[in-house]
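Could you have a look at this structure, given as structure tokens, before my questions?
Per-chain numbering from 1; labels A, B, C and D assigned in written order.
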Amino acid sequence: MKVDRRSFLSFVIGGAAGTALSPLPWKLMDDSSIWSQMWPWTPVPPDGEVVYEDSTCTLCPGGCGISVRKVDSRAVKIEGQSGHPVNDGSICILGLSGLQMLYGPTRIKSPMKRIGERGEGKWQKISWDEAFAILTEKLTDIRDKGEAHTVAALAGSDSGTVPALIQRFMAAYGSPNFMRSPSYRDVDELTVKALFGADGRTGFDVENADYVLSFGSGFVDGWGSPVRMFKAASLWKEKDIPVVQVEPRLSNSAAKATRWIPINPGTEADLALGIAAVMVANGIADTGDVSGLSGWENDLLANYEPQKVAQTTGIDAAVIVEVAKGFARADRPLALCGRGKAQTAVSLRETAAVYILNALTGNINQEGGMWAIPEADYIQWPDVATDNLASAGLDQPRLDGAGTGKYTDARYLTNRLADSVNGGGPYPLQVLLVAGANPCHYLPDTQHVKAAFARIPFIVSFSSFQDETAAMADLLMPDHVYLERYEDVPVGAGLVQQMIGLSKPVVSPQFNTRHLGEVLIMTAKAMGGSIADAFPWDDYETCLEETLAEKWDTLMETGVWVRADTDPVAGSIQLAGLDAPAVQAEGDVNSFPLLLVPYDSIQLTSGYMGEAPFMIKAVSDTVIQGTDGFIEINPLTASGVGLGEGDRATLTTPRGEALVRVHLFEGIQPGVLAMVRGLGHTAYDGYLAGKGVNVNELIGPVEDPSTGFDAAWGIRAKLDKA
Amino acid sequence: MKQAQTHGTPMKYGMAIDLDKCTGCGACMVACMAENNIPFKEDESDKRVSITWMRIFKLTNGKSFPDSDICYLPRPCQHCEGHEGHSPCVSVCPATATDYSRETGIVSQIVTRCFGCRYCMGACPYHARYFNWWDPVWPDGMEKYLSPDVSPRMRGVVEKCSFCFHRYQLAKNKAYLDGERRVPEAAYQTACTQACPAGAIVFGDLNNPEHQVHQIVKPDSNNGNRSRNPKAFRLLERTGTNTKVYYLSSREWVRRAGDNYLAHEKTGQLAKLHH
Amino acid sequence: MDSALIPKGVKRCPMWQFLLGLGIVGAVLAWGVYAMLLCWFKGLNQTNMNDYYGFALWIWADLAVIALGGGAFFSGLLKYIIGKDELKNIINYAVLIGFICYSSALLILAIDIGQPLRGWFIFWHANVHSMLTEVAFCLSAYFAVLTIEYIPLILENRQLDKVPFFHNLSHNMHETMAVFAATGAFLSFFHQGSLGGVAGVLFGRPFAFREGLLIWPWTFFLFTWSAAAYGPSFTLLITWITEKVARKKLVKDNVVELLAKISGWMIFTYTIAKICDTTRWANITAPGLGQNLADFYTGNAFYGYWILFAEIILGGVVPAIILISAPLRKNPTWRVTAFFLGVMGVSLNRWVMVLQVMAVPIMPFDTWALYYPSWQEVATTILPVAYGIILIMISYRYLPIFPQEAELNPIEEETAMAVEAHTESTPDLKPANA
Amino acid sequence: MSTLDEKAKAGMEDHAAHGSDAKESGAGGFIILFFIIGFAASMVLGWVIFPKLLYSQKQQPLNFNHALHVEEVGEGCEGCHYFREDGSFSGIPKLAQCTECHEEPMGDTEDEATFVEQYVAKEREVPWLSYSRQPDCVFFSHSAHVIGAKMDCVVCHGHIGESEVSRPYEYNRITGYSRDIWGKDIAGLKKNSWDRMKMDDCAQCHKEAGMIHTSSVQTDRDACFVCHK
């Protein structure tokens, strides 16, 4: 018989019926949906035992205690450590993002040497032994030629054992050129010295103040120890404490203040002195703690009477008087200094003026007032026994000229590094060691800085991340990140007590990196002689434990050592620095009718650390859109230039130009443009690189003649429709 | 036989967010992202395709310099109760992927049940619901920090704030071990609450007079759960979404920005609640 | 060459012309399919939808085609239940158009959901409170009905009809068609309504929210009503286009005018209801939630009061008047204009109830959200149109869709004979060639 | 359609009439037969072959004798599977836990040797395959069931505690589910409470235990956020 179509048809129908009555179609339907619920390419985080490990965050100088949640060996979340004297359980946006840095793809995963052109990004992985060999050979050669002083080191800070080891290494090696990243600390130390006649730093008892007068200090934008300040700001709200914020822009801090007083940019010092004048004139100043007032009183009253100050600052004279009286009559008034996050210096004049204002309330070293206290001095190492080569090198002047000539009081003038390398220095720089710093992103006039770096024959970066400076290096010797290492963390940041935190390894090192302290000790040993002798420790941990001595146990237990009863460096102040000239913005008014001022945001680190993806995700679309960066501008000013919300414009300053988009903001003074600090990275990965504009490329350093520090607070600019 | 799962009165978890304290720093957003395995893309600047269970809105008073003022408003899922649990999103979901729990007052979203019709997103006036337009991809190595307590979502489903419900589940585990019937206030706090450096967020059981959030909000159950606190308001209260996130502000313009008002109406005025 | 399949007594264009036509439309279809596959394999990031625009072009297309497909159930209702027998001359086409619209709607939904593999959850894990659930069930059920209504049509193909089994089957199905028509009408009432409910129940969105009757917001009834009103207009518009393309009359005027008249009165009554609804909403509902028309129609680049005018006056009042007044209705130009305006009006209504709902800011500090579709969305939306045209081409060529065609376009004897002979001489034909 | 083709073909034959007639009369029986063949074939495919294709097997890294351990360690299951302080359940022991006893080989079985050499010595965790792992979206609280409801391990895990050898790990090729969760029987019939652990089984058991809650507004059953995460 032959199978005709009808038979075939019925075969198919039978098959269909059978299939429908079998589990096949139904299970397939169910399973395919279940498959879509657990797609193999969607990760499934492995479960395990949960433990919390406490440590100290070093992503900013704030010194918060952190508590890291781990699942077996993985760190899965960073939380604030409850009960910690700084942050008591709370944490900031940067601290929360730490794990993205730990596990992030921008980590430098092993030592590497440059094989392509500088900055080209061509690297070759090498062993640590090879890295040590390259470094020691280089350093030995130079030293043997008697040119030890042509080696310089740039660190993020100079406090704590690791920076101390760098300094010690430089001393033993024979170079005077240790530098730290510039910050408000520079001018603070110098002013304390000038006014109190002793070394130390200021501390601000924000928790107990009952009237706060802030000269542009971003107390909720990252000033001081950020989380502590957030808590203080909430405390002020609860206690209904008057908080006066003086700055040209309605910053988040200004919005949190009980009163925002817009001021002409750069005239804060005049206001401070104006207020001082009103206080003195009205006899509501407490001059007990202030010596040398009489000689200055007349000038003060003559030059800073309210009308005059109103002229310069653009603040109504009545307001000045009102604030002065409110401030002076408060029981525990406190004036804050240092713009934004206080990551940059301000002029000596401004700093001194504000500190003296504090003094004139008679609230120095008092509850709720400004304190002047010494740094915790716990690193007691025997002096380095230098050999001849070292001594010779150390006798040389510093590259940045700090400590000599007109810069006698300055310890570091890192802002002058670029100039000296570009030919302004006493001798050429041959090797630069960079640790915990990213000058090629945050030093002012960044292009100029990069040009200088391009001329440095040999650069070694100890950075853990592929940042802009590492990109310029010849040798990468990556450090552990803070969650992988031990480190003492002395906390300044405006605290009124001495405090040391301890970073502990929360996870084992993720990549082939080495602790910088370890690297320094081993390099020293490798170089032998007096250098090796200066580093008697077997390893960094021993060094740390010995150095911290009796504090070690406390730190291992509680993670933090606090000394509350610190004696102030001095009880009264000697007037000084007030005759110093004001620092003006660069550029002439005619060709640059507008003023560009950078502002700080707590959502951007604007420091050594690059922003983690989470932080960038939290940034508003009025700050970045795609890769476009925005500037804030008053609608009046904008319409003057014919610009509307979101329009593209060319922003030009004496130092450079950039394509930006405008965001209309009623909270900014007409004629002033504001751009956020911290964007415009060229290094790191696609989550960060190329987003926005690096404001440091548009603003150059303006030297404060009385200190030598860069005290630029803005720059003249013009804006054209693009 | 059916029984209410709750022991004694059911719980009603909610929040009070003090806008006077909130600084808009974004710690709550990132705490949430880190806690809940929220993915990220290279470009997150288009906020309409950017998954942020907790999102901060910037409010302005509309006045010009120098009288201008700003206020930040963090917006988690408002966990609407609507009328007897029929919140805008829950009632529309065709597949029962989102649900309202009478036991906790939490609006759940089960992504493995969701098939991505996005009706709930249309229903939510707060834009608290987010769709996974892309597969979640973590840069090489970063998946190491993913938490096992929250299941990563796959492409094509809607997700939203859960009031960190997994923390309740874990706290409940502990409670069983300790022989407690109820989870103590401190044992269940959301990630944003815990992180907020300004202490602006208070979280707890609105039904429990011992909980701080209840004491701040003083909800009036006879008046649609409106707060008896003159500083407090809820977003779009007039629509009858009956949310469990209360905001506090001493500034009238901020409170007015929380709802729609006709020119002549005064802030806080409420027409009849719908449903 | 395929004349064996072509209905008796009618003339069709030559094969090459037919294939050429198919080819062109097929190309568009292929483009749409490509876009569809992109959406399935790469995900909905292929669209321009976003978290503010969870519903966009696709959902609009769904609502629109279902409204326009309403001609099927309503003509069915008129013919089989109410007994307007003339309509038998157009009911076939109404059914075909309905079938196309509903299959398209289901296809678009299958693309629109983020997890197509779990689409069946809507049935398995149904949430009875959700309008969408109601839509899904009734939609699928009614699609089944339409299929059943379409089958006898296929069986009437000249060759199939020769098979006694098929012949009897289709005959018997015709007998019972009233039952299906009734079922279809019942189901349509609910899914058309639920589609209206989709927007109406959104009590968080004052622009969409409406009070109503029992669990059904007013939009529920308005949608059903508008589908019944405008559906026939669409059927007639398509018929007219088909006639233009075929260059011959297919349906007698009395039939067209009858349906047009009914459609007209329906549109008229619907428009009155719509105006009442809008008035109440604008003066009571929205203000009760603190909003007024200005909040909805000003402060953005696109959605202005014009859209209200276009929908209600141009798309409602005007076509209603044209179709109601005998002289205007009898004038083909006016009539077709009315159909066109009507179709525009109901489509616009669906647009407003989907896209403008998403666009209007609700929180005072929120912003308008405007959106434009990506090419993938456009392509996948055109896809069903192309598919529809193809199905119409084939059906028209091989099935006796228009009972009056032969009568209206008599062929001279010998040609007819020739066709016959031709048929017999080429029995080796396979429908695959068709 | 095929009927049509057939007619068309018939047309090609010389005496079409005969051909077709013959078919009309004779084919009836065959048609039924072919229907049955098709039906049977697909039933076999669906019920017998399909399940075989759907599942795959893996062997455990090494054989584990539960019975022996229960005997040696004592304290029943809790000896190795215990609750942590935070109320979470430890599940399959980590290597460290085994090492407490197995620092040196205990007994002279081959598995013992491999265990000590391959894992203990090298400090490698044993990649056990968990029979009862729920999918990631599920939050199962052991404390709720074991401490709260005082349930016996056997209810869900069966008599694994008495097993002397590790049975192969069966999993679904499409979903990756363990068959213990997905269901032993293709027809979905359960002989024992532990034969399948899908959501409906949880619901079923809760129902039997009279533990139906009404916390869900949508379903009047347990709210989703009880067992899901």
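Points to keep in mind about this one:
Convention: a residue touches a chain if its C-beta (ideal position, glycine included) is under 8 Å from a C-beta of that chain, and two chains touch if they have at least 3 such contacts.
Since this is a predicted model, take the numbers as computed values, not measurements.
Contact tally for B-D versus B-C: the pair with more C-beta pairs in contact is B-C. Measuring from the average of all protein CA coordinates, the nearest chain centre is that of B. If you average the Cα atoms of chain B and of chain D, the two centres end up 38 Å apart.
Chain C and chain D have centres, each the mean of its CA atoms, that are 46 Å apart.
Here the CA centre of chain B is 41 Å from the CA centre of chain C.
Chain B has its Cα centroid 33 Å from the Cα centroid of chain A. Chain contacts: chain D has residues 3, 5, 86, 88, 135-137, 218 touching two or more partner chains. Residue positions 32, 35-38, 44-45, 47 of chain A each touch two or more of the other chains. Shared contact sites, meaning residues of chain B that touch two or more other chains, fall at 46, 58, 86, 90, 93, 96, 112-113, 135, 151-152, 154-156. Per the touch definition, chain A reaches chain B in the complex via residues 36-39, 41-48, 69, 71, 74-80, 87, 89-93, 96-97, 99-100, 102-105, 220, 226-227, 230-231, 233-234, 237, 250, 252, 255-256, 260, 262, 510, 602-603, 613-622, 624-626, 634-636, 665-670, 685-687. Interface residues of chain C facing chain B in the complex, by the touch rule stated above, are 43-45, 49-55, 112-116, 118-119, 121-122, 125-127, 129-133, 136, 198, 201-206, 209, 287-292, 295, 357-358, 362-366, 369. Residues 29, 32-33, 35-37 of chain A touch chain C in their complex. Partner chain D is touched in their complex by these residues of chain B: 1-6, 10, 84-86, 90, 93, 96, 99-104, 106, 108, 110-113, 149-152, 162, 165-166, 169-170, 172-178.
By the touch criterion stated above, chain B contacts chain A in their complex at residues 18, 20-21, 23-27, 29-31, 33-35, 37, 40, 42-47, 50, 52, 56, 58, 60, 63-66, 68-72, 112, 135-136, 138-148, 151-156, 194-200.
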